[in-house]
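Below, each structure is written out as C-alpha cells.
One chain, subunit A, appears in both complexes that follow, with subunit B as partner in the first and subunit C in the second.
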Partner chain A sequence: MLSFLSFLVFNALLACSLASSDYHERLLLRPLPQSTLLASFNFRSNETSAAFEQQNFRYFPRSLGQILQHAHTKELHLRFSVGRWDAESWGQRPWQGAREGGNGVELWAWIEADSDDEAFARWQTLVNSLSGLFCASLNFIDATRTIRPVMAFEPEGDHRNATNLHLLHGTLPHEVVCTENLTPFLKLLPCKGKAGISSLLDGHKLFDASFQTMAIDVRPVCDTQGQDCLLEMDQSVDMVLDVARSKRPQDNPIPRPVPIEQIECDTSKHYNGHDTCYPLNKGTEPSWSLKEIFGRSLKGACPLTDAGPGSETLCINTPPERDIHIETDGQFTESRSSADTMRCYQLPIGSDFDLVLPEQQMSTGLVLPEPQLYAARSINGHGQERGSAQSVITNPSARGMEVVYLESLPWFMKPYLHTLRAHVDTDSENPVRETYYRPAVDRQRGSHLEIRMVVPPASTLTLTYDFEKAILRYTEYPPDANRGFDAAPAVVRVLSPNTMGDRKGIYLRTTPLLLSLPTPDFSMPYNVIILTSTVMALGFGNIFNLVVRRFVGAHEVPQTGGLKAILQAKIARLTGRS
Partner chain B sequence: MPRPSTSKVERTASHYHLHRNMTTPRGADAPLETEISEIASVSPSPSSTETASSPTTPPESPQSLWLRRSVLLSFWAVALLLGLPVWWKTTAIYRSDLPLQAMSDWAEGKVAKPVFPLRIAVEAPVLPQDAHSLVQTTQHALDDLNDFSAHQLRLMLVDPPSTGNASQQVVIDGTRNTGDDKDTALLVRLIPVETGKTPRSYLHPYSSTLNVYYAPSHMSSVSSTASPLAAFIARELHSVYAEEQAQLAHLLSVSGDHNAKVHSLSPDTAAELQRQSTRVLKYAPTYHLTFSLFTSTSIPSAWDIEAALRQYMAPLLESFSTISNFTIDTQVQLYATLSPSFPPPEYDETMKAWTLRNEDLSGFINAAEWPLSPSIAHGPTVNFALYVPEQSKSPLLVKDSGANSWLVPQWGGVAILNPSSSEQDATPLSALSKEALAPAMQTFSNQLISLLGLPQTPASLPLRLSTLARIRAASLVFSASSTLGALAQVYQKLPNIPVPDTVAQSVNRALDHLQLACDELRDGRFQGALEHARIADGEAEKAFFERSMVGQVYFPDEHKVAVYMPLLGPIGVPLFMAMLKEIKNEITAFRRRRSAT
Partner chain C sequence: MTEIGGEHGCSLVGVHICQRYRKRIVEPVLHCPLSPDSTYPQPPIAYTEHYPRLHEFLEIGAMKFSSALLPFLAAPLAAAEHTSNWAVLVGTSRFWFNYRHLANVLSLYRTVKRLGIPDSQIIMMLPDDMACNPRNSFPGTVYNNADRALDLYGDNIEVDYRGYEVTVESFIRLMTDRVPENMPRSKRLMTDERSNILVYMTGHGGNEFLKFQDAEEISAYDLADAFSQMWEKKRYHELLFMIDTCQANTMYSKFYSPNIIATGSSEIDQSSYSHHADSDVGVAVIDRYTYYNLEFLENKVRDPTSELTLGELFDSYDEDLIHSRPGFRYDLFNGGADAARSRRIVDFFGNVQNVEVDNSAQRNETQWQEELEAIEKMIEEAKRRHNESLNARPQPLNVMEEVQHSERQQNTHREGAMRMDEELSWKKQAIGGAALLGCAGIWVVSSWLESM
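Take a look at the complex of A and B:
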C-alpha cells in the first residue's frame, strides 16, 4: 500500500511556486473506489491591480471584471454544485472542501461600502449582474436569502488596502445547475475550451457526474510589503465520474443489457445455471481513456501557460504499477513524483493527447486520506406544522476539532432557539462554545445561526432544534409548490487544527433539506369568491323577496294558464289516478 | 284608521292561516275573525269574498304600493349611488394628469422651433465707420446667400486691441477676449497684406478663427453693396457653415417640421445625410469604448494597448470632452473563431490575399461567442474589434475595396491586423507593439469620429466640435419632443395603464428643460442648450419607460367578469326582475286608467 498523503503537500507547493505566473491550469485525475474517477480542473489567471483598475483586461475576463468594479467587490466566491460527495467511500474532499459549495448556487463576497445599506445595494447589483453573466437565477438572492456570516468565512485575499469590507452570503439551494452555466464559465477562460485541459469540459458529461462543483474565486494577492498587488481568479471544476456510465457512447446513451453469453458468470454461486448468472467480480480496475470518459479529445496544451513545473498541466494519481499508455502525435514529457504515485505530463501544443488505461488487476491501491469530519443533516417529525432538524457531526480522528456550524434558513422555517440541543456521545460537557443567532423577520430576512463547537476525538456530536413552518401567501408559492421548499445546506468549517496552513480553510457542507410546507389548492381564491358571493346572494335574495314581493291569499291568485298551471294539472291528474 | 294600514304581511299571513288550518281550535281563530271583518271593511270589493273558482288578486292599497316601490328604489339607489362609486374608486387605475396638449404640441413642433443664431465676431484694423459699413454690407450679402431661416449668422464688430466704442448690437464688452468666448462661434480677423492674391482666407485648424487677408484697396468700397471684400467674406462664411446648415435642415425635415422644407436639399445630399445619421450613435453624456483584440489562434496574446491608447486616442478624446466623456476598457480574446454560418474567406489570386465579401461583413462579428457584451455602467458602449487572422489565412482583406477595416453603424468598428508579410518565415509575434497597433488605432479614431457624427468640414476642429454641439442639442430636442408626443399618444390610447406621479413630474421637468434649451439656443448659448436638452431627453425617456406603466396593461376583461359574475349575477337578476315587474304593472295600471277614463 502506498501513501497518498504527500500528494496534498505536493499540490500546495505547486500552488505557491506558480502564484507569480499569469496563467496556470491543471487537471488532476484520481481513480476512486467503485470504479469512479475524480477529475479536478483548476485554472488560475492573474491580472495586476493597476491593469485591472484601468480596465485593461488580458487574462482576467472583462465581463466579470467590470461587474466586480461596478459592485465594489473585493473578493468573490461563487459556487455551482450538484450531487453529494460520498465521503465514506471517496475520502477527503478535493481542496479540503474550500472550493465546494452547497447544492445549487452559493455566493459570498466581500464588498467595500460605507454602510450596511450601501453594501446591500451593491450586493444586489452584484447578484443581478452575475445572474446575467452566468445564466443563473442569482437575482433571486434577495434580503431573505442573504446573511452576513460572522465566524464561518475568512477572506482569502490580502485586503490591507481596503477598508470597510462587508461580507455577504447568499444561497439558492433550489437552483438547477446545468449546461447553460458551464458555457459562460468556459468563456471566462483565456483558452475558452478550445485548447488545454478545458477542451475536455463538456456539459453532457459534467452534469451527468455523480458529484460536480464549479467554483469561481477572485481575490487580491499582494506581496509581503502590501505592494505589487495582483487580482487572482481561480476557476475550478471538480467532478466525480462513474467510469462505466461515462463510457456510454454519446449517440447511444441508453444502457442495454449485455447478451448473457458475453457476461462472465460467477460460477461459485449455487444458483448459477444456464439462465441464471451472477456477474463475476474480477476485482480489476476498469479500462478507460480520456476520450471515452469525457467524450472529447484533449486538444493539446493551452499555450499561455508558462514553462517550468507549471507547464505540466495533466496529472494522474495512481499506484505506480498501473499501466498508462499515451496516444499523441506531438512532443510531451512525463515526470513522476510523490513516490511515483503522481504522474504529470507536459502536453504538446496543437496536437491531440490521450491517456489510455487498460483493464488491469491491481495488487496495491492508494490510501485515500480520511476526511477530518463527517456531517449529515436531516428533518425529523411529522405533520405540516412543526418539525425538527438534526445534524450529526462525526470526528473520526484522534484530535479534538473546533468547528463553526452555519445555518442559513429561509424565513418560513422558524427555528425555536430554546430547543437547540447539542450533545456529544462520549462526553457530557456542552460542546457549544459560542452562538450567534439572528432571528428571521417574516418576508424580510431569513434566520442566521452560527455555532462554534468543539467535537472531541472519536466522537459524534448531535445538534437538534425544533422549528415551525410558516403558512405562505398565495402568491409566494413557486409553480411547483407541492415539490417542497429547499433549505440551504449547513456549512461546517474546521477552525482548528487547520492542517492545510493556507487561507482557504477546511469546509464541508451537508445536503440540502426538502421542507414540505402546507400547500393550498391554488383554485382557492376563485372558490372563496364564488362561495362568499353565493352566501351573500342567498341572504340578499331572501330579504329582497320578503320586502318587495306582494303576498296574497292562495285563493286570491288568478288561475291563469302557463307552463306551471299545465304541469300542476298534469301532476294533479297523475296523483289522482294513482 | 290605524289598524288596516299595518303590515300587509301580517294580514296575508292570517289569510293563509285561515285558509289552511281549518282544524285549528276556535280559541285561536277568534281574533282572526275580527280581522277578516276588518279587511272586508278596508276592501269592500266583492271579489275577496268570491269563491275559489275564479280568484282575482285584490288591488293593492296605494300605501303598500308606494312602500314597495320606495323599497325597490332605495335598493337601486344604494347600488347606483353608493356601490358603483365605491367600486369605481377602489378599482380605478391611478393616472396622474399629464400636460397632453403641451406634449403633443412639442412633438408637432408647434411650441418653439429651435433656431441657431451664430455670433461671428469681426475684427478689423480699420476706422470704426469703415468697419461698421463692412459688417453691414457683409451681413446683407450673407442674408442673401442664406436660405435657411433657422440658422443665421450674425456679424458683430469687435475692436482688436483698443477699447473703442462698441458699434451696433455688440453685447460683448470689449475687455473680454472674443476668441475664447464660447458664445461667439467664429472670429473673423481681417488682416491687411500687400502681397499675394487678395482677398484670401485661412482657417485655423485648432482655433475658431478665420483670417481674411485683403489689400487695403478693398477697404475703399466697403459701403457699396458690390464690395468684393464683403462678398468674399460672406461666401467664405457661408461655405464654412454649409455642412452644418445641411445637417440641421436634414434634422428638421426628419423631425417633421414643415418649415424646414424651405431649405431644399439635393437628393444626393439628403441620402448622404440620411446615411450618416443612421450610423451615428445616439447621444449620451458618457460613452464606453471597448477595444478588443481577437486572435484566431493563441498568438498574439498581448498588446501594448495602454501606450497605444495614450498616444493615439487620448488627444482625440480630450478634444471631445466638451460634448461627452469616455471610459475605456480593453480585452484580449484568444481562439476567436468566426461564426459557423459565416462564409469562410476565399483566396484571391490577383490580390494574393484572402478576401471577405462585402455583403458578408455584417456577420463577421461572432456575437454568440465573442464576449462583446455592453458595459455594465450607464451609457452606450462603442466596440472596436481588432482581428488578427491566423498565419495561413493572412493577409485577410475585404474583396472589392481591398480595405482591412469597416464600420458597423451605431455599434463600433472592426479592423483586421494582418501580420506583416515581410517576415513570413519568422515566428509570429506573441505581443503587438505600440507601433504595430498604430494603423489600427488611426482607423479606430476615424471610426469613432464618424460614429460620433462629427462633420467632415470645415477644417478647423473647434468649429467642427461646436457644430457637433449644436447638432446634438437639436437632435436631443427633437428626440425628447417626439418621446413626449409618443407618451401622450400612449396615455390616450391605452386607458388601462396606470400613470404614477413620477411620470408627470418627469414630463414637467422635460417640458421645462425643453423650453430652456430652446431659449438658450435662441440666445446662442449652445453649451447650455446642450445641457438642458440632455436633461430633457433623459427625463422624457425616464417618463416613457416607467416600469410600473406596463404592469397592468394585460389584465384581461374576462378575468374581471369571472370575479364579479358570482356576486353580480344573483343580486342583479332579482333587482332587475323586480324593477321590470313594477314597470309592467305601472304600464298596465296606466292603460287601465286611460281606458277607464
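Take a look at the complex of A and C:
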C-alpha cells in the first residue's frame, strides 16, 4: 500500500491562498473506509470592517451582520451537529476538530462589554436573535447553560480592544438539527444554494449522514499593522455519507432483499448451496457519482466566486489510479497536486457538472492520518441518586500532549470535586496541572470544570468524578422526562504540540451523556388528590357524625306515627301559629 | 379614476408591487417630522382610509391595471378590507406516534405558503421533530399521504417554535404579543387591526381543552380570553379559527370577541379520526378532517385568485367521510352567517388584498409628482446628514472613550471559574487533628475538675 498525503497540506494550502479573496467556496471529497465518503463544504466571504460598520454588506449576510452589530459581538462560532465521528475507522477529524461542535447546538462568542452583566445581557440578545434566524431553540441558552471558559477557547481573530471582550459559551445537547436549520444556513450564502457547491446541500441526505456538522464562524482578520481589517465569515458543512445508503432512491429508501438470482455467491464457503448463499465480497471500491450521492446535480459554479489559481471549487482526494469521469457540457479545468492524490476542478458556470467514479478494484489506498487523541466519556454507577462519570483520553502518539478538558454540566448534575481522580496507566505522577471550577447553584447556573492535563506518550488517561443527581420540581420536568436528560459533550483541546500552526486549534469532543434523573409518576398529583379526598371522606365523615349526632337505641326513638302523624303535626303547627 | 391616463401597464403582479410600494412609502412618511411649508395638509394618521395621498399613488397604478383586476375593483368595498394575512399553525403533540398531527400542520403550512403567505407571516409551532427522527425511514421528509407524492418538509422550511418551546404560555404570549424584549421578529405575530389571521390547531383534546405535549392543557376559556385581548389590542381584523381534535367544537364554544369565524372537526362526545396509515412510515399520516379540507384546497383553490368562499369549503365537508360532525360558528362575525360564508377562502389562506381606490379627492396629476419629489428630497437630505455624521465624527472623542474604558477596566471584577490549587493536605489534616485533640483535652480536664 502506498501512502498519500492528506488533509494537513490541503488545509494549510486553503488557508494561505484564499485569505484575501472576497468570496470563495470549496468542496473536498474524500473516500473513507467501509465505503463511506467525507464531504467537506467550505464557504468563505469577506467584508472590510469599514463597510461592515456602515452596513454596506456585499457578501456578508445582512441578517447576521445586523445581529452581530446589535449584540456587540466581535467573534462568533455556532455549530449544529448530529452523530459521532468514528475516529478509530475514519482517522483524523476534518479541520482537526476546529469546525466541529458537540451534538446538538453549541455557540460561543466574544462579546464587547464593560461589565459582566452587560456582557450577559448582550449574550441574551445574541442567542435570542440567532434563535429567530436559525429556527433553533437557542433562546434556551440561559444562565444555567452558559459558562465562561478560561483555557479551552482562544479568539481566532485579531481584536484590538481585547480587554473588553468577554467569552461566553453555551450548549444545547438535546437540540434537534434538521432541515429548518439548513434553510437559513443556505440563505446566508451569496448563491443561496442555487448554484455552486451549495446546490448539492440537500436536507434529505445531510440529515441521513452518519456524522454531520454545520458551522458558522465570524472573526475579524487584520494585517500585521492592525490597520486594514476584514470581517471573515466561514461557513462549513462536514458530513460522512454511507455510499450505499445515500444511493438509495429518495422515494424508496427502505432496503429490500435482492432476488437470490442477482446475488453473486461466495462459492468458497463450505455451506454454499442452491439455497444458501454468502454474498461475495469483491473488495472493490463502490461506484458513485455526485448526483447519486447527494440526490441533486451540481449546478455549475457560483458566479460570485473569485477566479484564479488555487481557487478550484471541487477537490477530490483519492489515489491516482482511481478512475474519475467528468460529465458536463461546460468548460472546466483539472489540476493535480500532492503527488496526484488531490484532483481539483474549476467548475463551469451555468451548466451542470458531475463526477462519476466507476466500481474499481484498487491496489493502493489512502493512509488516513491518525488522530492526535481519542476521547470517550461514560456514566458509571447505579441507582437514581448518584453516579460517576468517567472520561478516557488516549494518546497514541510518541509525544506527550498537553490538553485542556472542559465540562459544562447542567445544574441538576452536581459533581463532587474532591472525588476527582486523574490516573495515567503508564505513569504514577498526577497528570493534572491546573484546575478551574465553578460550582453549580440550583436553578441559576451549571457547573463549569476545566482541567489542564498532560497525557504522556502512548498512554491512557482516566478521569473520574462522582456526582449527585438533583430532584427537580414537578413543573421543571420536560414533557418527555422519562427519556432522560442530556449533559453536553466534553471539549478536549490540544494545547501542545499544535501541529496546525494556525489559530483555529485542535479540538475533539466526546459524545453527550444521557442522564436519567429520578422521575416521578406524573399522574401522582391526581393520585394524591384522590387519596386525600378518600381519607377526608372516611375520617372526617366519621368524626363529624360522632360530634354532631347523638346515637340512641332504637326503642328510645320517639314514635312519630308515620306520614299521617307528620302531616297532622304540620297542620297543627300551621293552625296554631295562625 | 379616469382622469389619469397611463402607459405603465400594471398587471396582476402589479398588485403586489403596489402593495409593497404603499407599505414602503408610508413608513418613512409617518415618522418624518413635517415642516410647516410642506406640501402635506395634515399629518396622516392611518394609512388606508385617512391618507388620501397614498391612494393617489395607487390610483395611478389602478388605472393601469389589466382587466383581470377589474372584478376586484368592482367588488363592493363597504366593509373595511384587510391589508395583511397571517397564519398561526400549531401542532400540540409530541412523540412519534403523533406523526399525523405534525403532518396536519405541515400540510396547512404548505397550503398557505402556496397561496402566497410568506414565511415571515407564518408562525409555525412544531413540538417534536418527525423529519429527522431516528424512527423515520424517510430522513428529512414528512408525508401526509401513503402515496408519498409530496414531501411536506421539502428543502425550504422555517419552523418558528419547536420542541419544548411549544407551550400554552408561549402560544398565549404569541397571540397577545406579550413577549420578552429580546424576542426575534420571526417569533412574533406582528399583526394590526387590518390583519386577517388563520389560526389552525391540532392535537389531542377533549371537552373544552387541548393538550400541549402531553404535559399541560389550554382550555376553551384561555383561548377565548386570548382572542378577546387580541381584539382589544386591535391585533386582528377577521380571524378564522380551525381546529382538528377530539370534541373540537367545544374549543370555540366560549369565544366572545367579534369577527371570528370558527370551525372544528367534531362535536362534543365525538372523536376525530385519522385518515389512513402508511405501512412504511408505520403510523397514521393524516387526520380525516384535515385531509378533506386539504383535498378541497388542493383541488379547487388552485391559485391565489380563487373566488371560492368559506361557505363552499364548509359545505364540502361530508360527515360520512370525516366520521364526525364538523361545527361552524358564525354568530360572532359582523354580518352573521351570510357574511362569514361569503368570505373568500384566500382572505384567510392566501395573501391577496384588494386595492382601495379613493375617488373622492379630486387632485390634479402634478400634485402627486411634486409630493414624490418632496419625498425624494427628504430621503436625499437624510442620506446626506447620515453621511456627514459618519465623516464628521471627531477623532478626539474616541480617545476620550478609550480612556474611560481603561479606567473602568481596573475596577471590573470578572466572574467565572476559580482556580483550584492542590492543597497541602497533611498540613490541613494535622490542624484538624490538633483541634480534635484540643477539644478532647478540654473535655477530659473539665470532667476531671468536676469529679474533684
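Quick notes on this one:
Quick note on the criterion: the second predicted complex is superposed on the first by the 536 of 578 C-alpha atoms of A that agree within 3 Å, B and C clash if a C-alpha of one lies under 4 Å from a C-alpha of the other, contacts with A are read in each partner's own complex, and residues count from 1 in each chain.
Quick note on the criterion: contacts are C-beta pairs under 8 Å (C-beta built on N, C-alpha and C of every residue); 3 or more make two chains touch, one makes a residue touch a chain.
Just so you know, these numbers come straight off a predicted model, no measurement behind them.
Overlaying the two complexes via subunit A brings subunit B and subunit C into a clash.
By the touch criterion stated above, A:Q54 is placed in contact with subunit B and with subunit C alike.
Within the superposed three-chain model, A:S129 lies in touch with subunit B and with subunit C [touch as defined at top]. In the superposed pair of complexes, A:F540 makes contact with subunit B only, with no contact to subunit C. By the touch criterion defined above, A:E175 lies against subunit C but remains apart from subunit B after alignment on the C-alpha atoms of chain A. Of the two partner chains placed by superposition, only subunit C is touched by A:E434; subunit B is not.
In the superposed model, A:P369 lies in contact with neither subunit B nor subunit C. In the superposition on chain A, contact of A:S115 is made with subunit C only, not with subunit B. Contacts of A:D480 after superposition on the shared chain: subunit C is touched, whereas subunit B is not. By the touch criterion defined above, A:P456 lies against neither subunit B nor subunit C after alignment on the C-alpha atoms of chain A.
The single stretch of subunit B with clashing C-alpha atoms against subunit C, selected from 22-30, 310-318 or 562-570, is 310-318. In the superposition on chain A, the residues of subunit A contacting both subunit B and subunit C are 54, 129. Interface residues of subunit B facing subunit A in the complex, by the touch rule stated above, are 8-9, 12-13, 15-16, 19, 48, 52, 54-58, 60, 64, 68, 71-72, 75, 290, 298-299, 301-302, 305-306, 327-335, 337, 369, 371, 373, 375-377, 562-563, 566-567, 569-571, 574-575, 578. Against subunit C, in their complex, subunit A makes its touches with residues 54, 82, 114-116, 124-125, 128-129, 131-133, 135-137, 139-140, 147-148, 150, 161, 163-164, 166, 175-180, 182-184, 202-208, 250-251, 253-254, 417, 434-438, 448-450, 478-480, 522. Residues of subunit A that touch subunit B in their complex: 51, 54-59, 61-63, 66-67, 70, 129, 187, 190-192, 194-195, 302-304, 526, 529-530, 532-534, 536-538, 540-541, 544-548, 550-559. Only residues 94-95, 127, 129, 131-132, 137-141, 148, 153-160, 162-165, 180, 182-187, 213-215, 280, 390, 402, 405-406, 408-409, 412-421 of subunit C touch subunit A when the two sit together in their complex.
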